[in-house]
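Letters A, B, C and D name the chains as they come in the text, with residue numbers starting at 1 for each one.
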């Protein structure tokens, strides 16, 4: 009987009236990888934050290595060898990697020494686990994948024996994810214990030894991974059967709806992120853009939707060209029937401080349907919002609730509902299911297919290869700002992976 | 029965190192001598003027003295509403039978200290520093320039401290302006700037130069470093108002107080004895006599918003 | 602005807690009163009685409140668009110029009800203009609105001195102010309204600009929560990225918001000039613009809250004056301290007692505490 | 040569005028870098000035005065902290409140203690910080160019002036070279990161505010014990707000802060110097224009040369762990 690294006994935690955790019991065996799955808002992050001392449990006991431990602050947790990689990275964006790593763990009152020490320490960790990252890079200039690596380094630097990762792969590409898993396995071999929160059952099956399922704040089950199946877990999570792979009929693609021509985009630092790309999306098809994060997809989306000014290029909407280099404004593109679900729902797609119904008109607030001369037609807006809530099964079904209080999955549905219900000719979607649970994923994918079948042109950008492959009728692979290949949905993960890694591209160059 | 005198201060507040403070001193003197208490009020915005006046009048306060020209509008009204009450206003004329308007010829007093400044100056350059830039202060400046030029000053450097009420309470800036004027060659500086003046006198003293005080006798602020002060006897006006009322000698009408009436003057005491030699004394006394006699007319800036000197 | 704690029933949130805070503020102020050897209870009585006791007091309280409503609204409108307009003082001051010119020009020819609208426009226009430049610089050049508005306060002061002393002042008059306006530019008083309730008012400056203020409060509410423009302002105020996504022009929204804010600050000048003094004098704003910041934030940027906060400050001004009359030992400066304490406890420390109140409510009935239990369900 | 002297003199007064701004500006830098807006610099300077002058005149010691100035000003800073850190109050409201309380209490206590109209007794030279003459300053004065620069600009200021300018590199060092500085900057950018790193956000911010209090205390002492020999009511005369502007102007960086304050000081000195004297080409300009000049030029410079200023990201928002 291997002994427990951690035991949680009868943990309760409420935020106001929200009971995020109810009588949670959980045992995590030393030297194993323990997965935790659950819907958005099930209470996973909360539970782990309690274990990490970030929140205090209202009641319950925590044992570390068999000894009752009182974890009042992250300090105590760190002292007990618990490290955590948070879902929303806890990094200071304008600090360097090194500064972030030593923050709070400085070896000396003066930075010089601490930095020097950290530098050599990082080199060691880099050698042991292959966690390369430029120690002097500024965080906000690193792709999320690397940012997360910094979070892991932070934990290891503090000598974590027990490592908690909250949705680590939510932001990673398959390649990055695989790399992460290799690292985790390595850590496990070193005798470290790992707790892995994720929405992706595939990952659970891939690397965990044990898996626990949470629903609405309670711990509904714990299974040995090899003794369970994806279907079972999904059902445990959502409380009903879910089909995990959307089945869709053949696309009967019509004429070109969206044509991107010679698009070139530079980022704020003047680096060329999108390098003269052109492609079409036809009516009734879903075109998926695959690629490792940071290869220009975000910039491309922003340019096409008019948020970011392009250096050169234009889009044809229904044959009408729109120059993207000028002050192309998102409103105009919207009027031309282009709807956009942005990658970052928290800061771009939604105003978290708004009521749900207010967000349900964001971008369409100048649509006469919602107006009354210069005035907002509140009743129309709320009725409309309620319709969407029922139609998209957004929970809680309260259009007056502050948007921040919806889970990510539901927040995502709010955005989708808004964009799809405008019945646009063209829909472009960035990371449709990032941080969203299986139940919601299923729903969202169905919706996207439905749009396609209504003869809309749909452009999906995602770092989830699975998603791309299951949704797309055509797959374009982006690498280093260029489109390096086009494949059909039948393309294997392997060949796409190579394209995404830019292999073929290089060969072509030779 | 004893009278129930009341005193009203202007926005600058009781302790403005200027006429408010002077009127306060006058009232205190009266209180000390007669043992009759008085009530007082500092307005903190224009609206309170009429309110305060009426309030005191209704409470049967009598006489009611107030410092500052801004009281005029309110008094115009109240004086009519309360014909029995005796009022006194400083620095402005309100033509009502029951109002005693006390105005000063600041230009005359300033002229005298100008003369002294010019004579005490080795560089023949002297300075003037005003507080907030309002006509009243320019009247001080103009008289001063007149006196200084008349006594052979080649140049009078003039500065105003600012355009907000903060200009009355910025000794730091006042001191800096003084230093600048000293750099420009001034060695005697006259400050008509309320609390800011404190900084001017300080800076002059620190630099071993001479300052000139204003309103009340400020020779003592920097003993031996303040050449003299242009005293404007607001304290006396308040004191007399109360006294006359007490002895039923109160009379309405305009008191236009210049050198002749002793309303303005230059201050001599132990603090500045050593600084004023006989020649100076003689010259000042002569100028004073001339002005009183009317042979010298000191221009009043506010009569035409300009200064001929 | 969402409070950092779970919600309470509205009446407790907007009624009970502020009252508790106020009481504490007065208790602390009471100690200061004690310090100067006066009876704090009597002081409190005098203050409240002086502000609300007699019709006279009420009239003055509302008169002051009028100005603060305008300045508070001004700050709030900008704040909803994520802008901190600290320049209300200058915008209000410079508006005096417009008012002065209009009144001097028309008071002899037009009746007040014609002069007033013109003056309103002039005041609003001048205020808006004074806010326009900082707004433009913020939008186009990224010059921080806080600096520019502070600077424009000082510049306004110089302009006004120049204008009043140089041009508007009647020659050979001592005071740096315009001549007294004639009937045609004097706003009718509202005292009779209070007298309807049997109160007797000898004389008080309470005038119809109060109604204008209330109207503006309502319009601001409509603007912020019921118009497309307000929606765009709030969107930008919360997240400039989201605004860009929604196709809202940054330049346009900043400039419009600031001009509205400036216009409101400008209207603040009507009350003291046409409503009370019947002239435009140096420094007639006397700090009301800055008080507006406290008023707006204590009113939680909501017009209703602002009106209430403005009345609170009106009470402190009027009651404070009474206090100074009644209690010789209590000086003008004491009252400033008391105002400070109220701002501190009723404003900055508004959350101090919230947890206890919540605990109390929770113990009474768990249901009553805030966010419905439904939320927690996931997608 | 005459012009050269004029320049030296203007620069000299530039230094004196910028010192209080610089101290206040650096003070603001500490608190705002830690994510706490501080519109209460004005008030803290004022109480500092009062406490300093009062203590100095009572104990006849400049240094005791300085100590008291710092003590009281820190106390007020802690009140700001109590409201805005411990109780998550609105930082601007709290700042405004502090300015009110400071303005009222200094006059009230001043009158109660000294009966000189809210003024403290005039300080004697040993109760103030006098000028420090550097070795050979007088000897070198006659040397052309360098002489005046050394003896006027460098030498002959009070110790607090040197303190102020040394505070600039010191602050830079603290901010970018020490653990405290690192954490302080972090808490101003992303308190959650600091919190999860196991550091107390509140305590960190309190310490930053203490630094603020110390500096505003010194700033106040400079006003009442160096530039002037005693306290005069409201003697800060809006310098706190100008310092705030300077801080933004400087984009929250210590060295920039120094230049920003020197700029403000210079513009001020210039407007003083030029008042009344006719300018070449333009001729005689109205006094009011001269008064407004520094502010107008500031706006022009801001718009013309200084780009967008991005404040510390967490600035002004109270840190709330559980929503």
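The rule is simple: contacts are C-beta pairs under 8 Å (C-beta built on N, C-alpha and C of every residue); 3 or more make two chains touch, one makes a residue touch a chain.
These numbers were taken from a predicted model, which means no experiment stands behind them.
The chain with its CA mean position farthest from that of chain B is A.
Note on interfaces A-D and A-C: more C-beta pairs are in contact across A-C.
Centre-to-centre separation of chain A and chain D, using mean CA positions: 46 Å. Work out the mean CA point of chain A and of chain C, and you get 45 Å between them.
Chain centres here are Cα averages; for chain C and chain D they lie 29 Å apart. Separation between the centroids of chain A and chain B, computed from CA atoms only, is 75 Å.
Residues of chain B found to touch two or more other chains are 13-14, 133, 162-164. Touching two or more other chains at once are residues 15 of chain A. Looking at chain D, residues 107, 111, 118, 288, 291-292, 322-323 sit in touch with two or more other chains. With chains as nodes and touching pairs as edges, the resulting graph is of another kind, matching none of line, ring, star or complete. Every pair of chains meeting the touch criterion is listed here: A-C, A-D, B-C, B-D, C-D. Within the complex formed with chain B, the residues of chain D that make contact are 5-6, 9-10, 12-13, 16-17, 20, 107, 111, 116-119, 122, 223, 227-230, 232-235, 237-239, 268-269, 272-273, 275-276, 287-288, 291-292. For chain D in complex with chain A, the touching residues are 176-183, 185-186, 189-190, 192-200, 313, 321-323. Across the complex, chain D is touched by residues 2, 4, 36, 84, 133, 137, 141-144, 146-148, 150-152, 154-155, 158-159, 161-162, 166, 290, 293-294, 297-298, 331, 333-341, 343-344, 347-352 of chain C. Per the touch definition, chain A reaches chain D in the complex via residues 15, 52-55, 73-75, 77-78, 84, 86, 90-95, 99-100, 102-106, 108-112, 114, 154, 404. Residues of chain C that touch chain B in their complex: 60, 63-64, 154, 157-158, 160-161, 165, 169, 171-172, 174-176, 180, 202-205, 272, 276-279, 281-284, 286, 317, 321, 324-325, 328, 331-332, 335.
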